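In what follows, a structure is listed as structure tokens, so that the remarks can point back to it.
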Amino acid sequence: MSHTSYTVLTRDQIAERAAQDIPDGAYVNLGIGLPTKIAQYLPDDKDVFLHSENGLLAFGPPPAKGEEDPELINAGKEYVTMLDGGSFFHHGDSFAMMRGGHIDICVLGAFQVAANGDLANWSTGAEDAIPAVGGAMDLAVGAKKVFVMTNHTTKTGDPKIVSELTYPVTGKNCVDRIYTDLCVLNVTDKGLVVTEMVDGISFEDLQALTGATLTDATTVK
Amino acid sequence: MINKADKNITDVLSQIKDGATIMIGGFGTAGQPAELIDGLINLGVKDLVIINNNAGNGDHGLAKLLKTGAVRKIICSFPRQSDSWVFDELYHAGKIELELVPQGNLACRIQAAGMGLGAVYTPTGFGTLLAEGKETRHIDGKDYVLEYPIKADFALIKASRGDRWGNLVYRKSARNFGPIMAMAAEVTIAQVSETVDLGELDPEYVITPGIFVQHVVQIQPTSTEPASDEYASTATTATA
Amino acid sequence: MSHTSYTVLTRDQIAERAAQDIPDGAYVNLGIGLPTKIAQYLPDDKDVFLHSENGLLAFGPPPAKGEEDPELINAGKEYVTMLDGGSFFHHGDSFAMMRGGHIDICVLGAFQVAANGDLANWSTGAEDAIPAVGGAMDLAVGAKKVFVMTNHTTKTGDPKIVSELTYPVTGKNCVDRIYTDLCVLNVTDKGLVVTEMVDGISFEDLQALTGATLTDATTVK
Amino acid sequence: MINKADKNITDVLSQIKDGATIMIGGFGTAGQPAELIDGLINLGVKDLVIINNNAGNGDHGLAKLLKTGAVRKIICSFPRQSDSWVFDELYHAGKIELELVPQGNLACRIQAAGMGLGAVYTPTGFGTLLAEGKETRHIDGKDYVLEYPIKADFALIKASRGDRWGNLVYRKSARNFGPIMAMAAEVTIAQVSETVDLGELDPEYVITPGIFVQHVVQIQPTSTEPASDEYASTATTATA
């Protein structure tokens, strides 16, 4: 795959871009890893409520050095703090929030996303790997909107946006939007629609780096 | 910034339309959101489906709502009480539909809705008239009835204190169905006796996290009312 | 039915008798009506935890006059108080306690009890009656032990202990023991076993007042 | 009079026998009942089935229990962590059975056990490898998988305070699975940092009512331990 003259977004820039689409008052679960970065880019004038599977709502930034509490961690087992107006609850209620459609947006990482919104992010199917799933499948089926944040291709240049998954599925038809280092994609009934691209890249360049057929939003009515 | 406590009863309730399915908290009158029900009566919507444990007591609250003829159907566990004459009359006149549900199945079906489950196998009611025609299954030596979630467009509940993010705590046995109804409705409207600042409710002891509550309406206690749970129907804009 | 020379227990005496079989540490739900009386006869040296469907555990006696709180009532809508060590919870958790087998004993009233332990106590099936069930069906299936407290016959002298129910069933095979104004009956695989009778009544007298075959405990090994 | 806090760890745990199914609270190390697990290791029972969100971290707690070879099977959602080398080795050596359950299904199946349900239809996992061979159903436009309750003989959990009737409150994210596991086990044993008198826990804010707890064991903090959630394994007879 050849880079011509376009700029690839950094991980922070993808996070910053995704943060812009999270509205005031949203209840949001940020998946472990890359999506966690979004928290840093949420504007101060919005109340965005961060949920963590292990029983936190409206948690805040990491504590100051020396203030860490081993009993105040998020699902990624990182130390966090609580905002005024936050709450603790048990795992049953926490997953009721997710499975019951109360979380407005979750942002997940991905191994692959298919054109129909199928998501693979829990297993590569490798024979010797120990399987582990955590809350990924619950978030995939339960959140009102599922956003994916990922590099557009793997480190070896293979497409992560594909026509059909080759990895085991986490959730079927669940992804609504994809933020990559190259573009923003909406998953629609008519397939993947490109709504934004990084400066300098052409639609043809982007299509070449993608394993599924893309549509340019400017051509969709 | 989110302030779920910035509207008065009239404005909040105006989003309820004819034909709505509405959960109303309370066990008897304890926890019954009397002022929200009065507001619903004033709104004048009709063809409602109401979910409550009972079918109204005396001539106030839920009973008064029934009397207006606004309710097409009620889903409840115990409609027959010494003071349920309003419902009795409507029922005998064929003017209201009743879906009778064992109290624990009512609770569980409301919980199933809040939890996003498709259905549950419950042992309650197996072999009884209330399970007639329902799917059953023998699991691990015991018989169960398949029951489906009860969802609602709105839940009207009563809590004791709330904040602008919708966090709630309750008072004694007035809690009853409030927390589970809040989880099962598209829009939950809670009347509270007091609105408090963010952070005043201890995060360890928030009973209903704000995610389940869309509106908080403070009901001002008046000195003319004798009992501590009786307040005037005047809604005030909450400060938060 | 002829009384010969035996003494019928009063409602309070039935309650007092049933109370003797409630052990220290039991979690107990007393049904609305007659069973509620049992609370008065629980000995002070035992911790018996009273549960009420509407979200109370370890509630206490009625409040003093003038101390009634409309938001502190039991399932019978009577004013109660809370003991130190009591707790409030929502209807979901309350019925989890019942349905989930956490309540050790519930004591229910009855229209009829059948020899196999079937209970009828929610509907007489009368055509014009408004049906109402409350938590009776949940208690019948959920409590570890179901006791029934009832007069042995109806006001008109018809048996309430019957071979088969004629009223609509509340719960099947659920009753473990029956306390009446005449006797105590255990519901067993071999039918109804009389373990106690009031003074002066003969086994034959009791059988004559009962719609199901009884066995005398002294003849069972 | 009932005192659920009158035994030490050794005496309380002695009722656990070979082959027991045991829920262990905690999400990672937060809420993990470290002293109860140490007690279980000392007890030396084997052929255990363990239910926990994870499969142990580092060389302590659950990981240490696994290392003794006492665990036949683990039911969990996330066994693969950077410091889960003990489990990794056992798993690759075929010395432990793994039932992998999505975290929310784990929670929900534990809840179903506590609530006395026979089975539930959950949307989570539909169409995935983790639902292979399981019954499914299309309900109201959505696909669900039939999942059965997870029960246990024992639950070992960690709370912050408890009383002699077994009422518990928790601390921050150490709550996690504690309350729902307490509801799903025949016998729940809770370790607490502090035993308090009856009435000291506000009835409005008891998180786990005593009906779900059979034993409370107080773990005495020692001054030699640095972090506030690390205590010595010495059980003391609680005063209550």
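Think of it as A, B, C and D in the order they're written, each chain with its own count starting at 1.
One rule holds for everything that comes next: contacts are C-beta pairs under 8 Å (C-beta built on N, C-alpha and C of every residue); 3 or more make two chains touch, one makes a residue touch a chain.
Since the structure is predicted, the reported quantities are computational estimates derived from the model, not experimental observations.
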item: Between B-C and C-D, the pair joined by more C-beta contacts; value: B-C
item: Of all other chains, the one whose Cα centre sits farthest from chain C; value: A
item: Rounded Å distance, chain A centre to chain B centre (Cα mean); value: 35
item: Distance from the mean Cα position of chain C to that of chain B, given in whole angstrom; value: 30
item: Chain B residues counted as touching two or more neighbouring chains; value: 108, 115-117, 122-123, 170-172, 204, 207
item: Residue numbers of chain C (touch at least two other chains); value: 82, 88-89, 92, 95, 98-99, 142
item: Chain contact graph, described as a line, ring, star, complete graph or other shape; value: other
item: Pairwise chain contacts, counting only pairs that touch as defined; value: A-B, A-D, B-C, B-D, C-D
item: Chain D partner contacts - residues on chain A that touch it in the complex; value: 52-56, 69-75, 77, 82, 88-92, 94-95, 98-99, 123, 128-138, 141-142, 168-172
item: List of chain D residues in touch with chain C within their complex; value: 1-2, 113-117, 163-165, 167, 183, 197-199, 201, 203-204, 206, 209-212
item: Chain C residues touching chain D - in the complex, by the definition given at the top; value: 24-25, 27, 45-47, 49, 51, 57-58, 82-89, 92-93, 95-103, 142
item: Residues of chain D defined as touching chain B within the complex; value: 108, 112, 115-123, 137, 139-140, 142, 144, 148, 169-172, 202, 204-205, 207
item: Residue ranges of chain D in contact with chain A within the complex; value: 27-31, 53, 77-81, 84, 87-88, 91-92, 98, 100-108, 110-111, 122-130, 143, 170-180, 207, 227-229
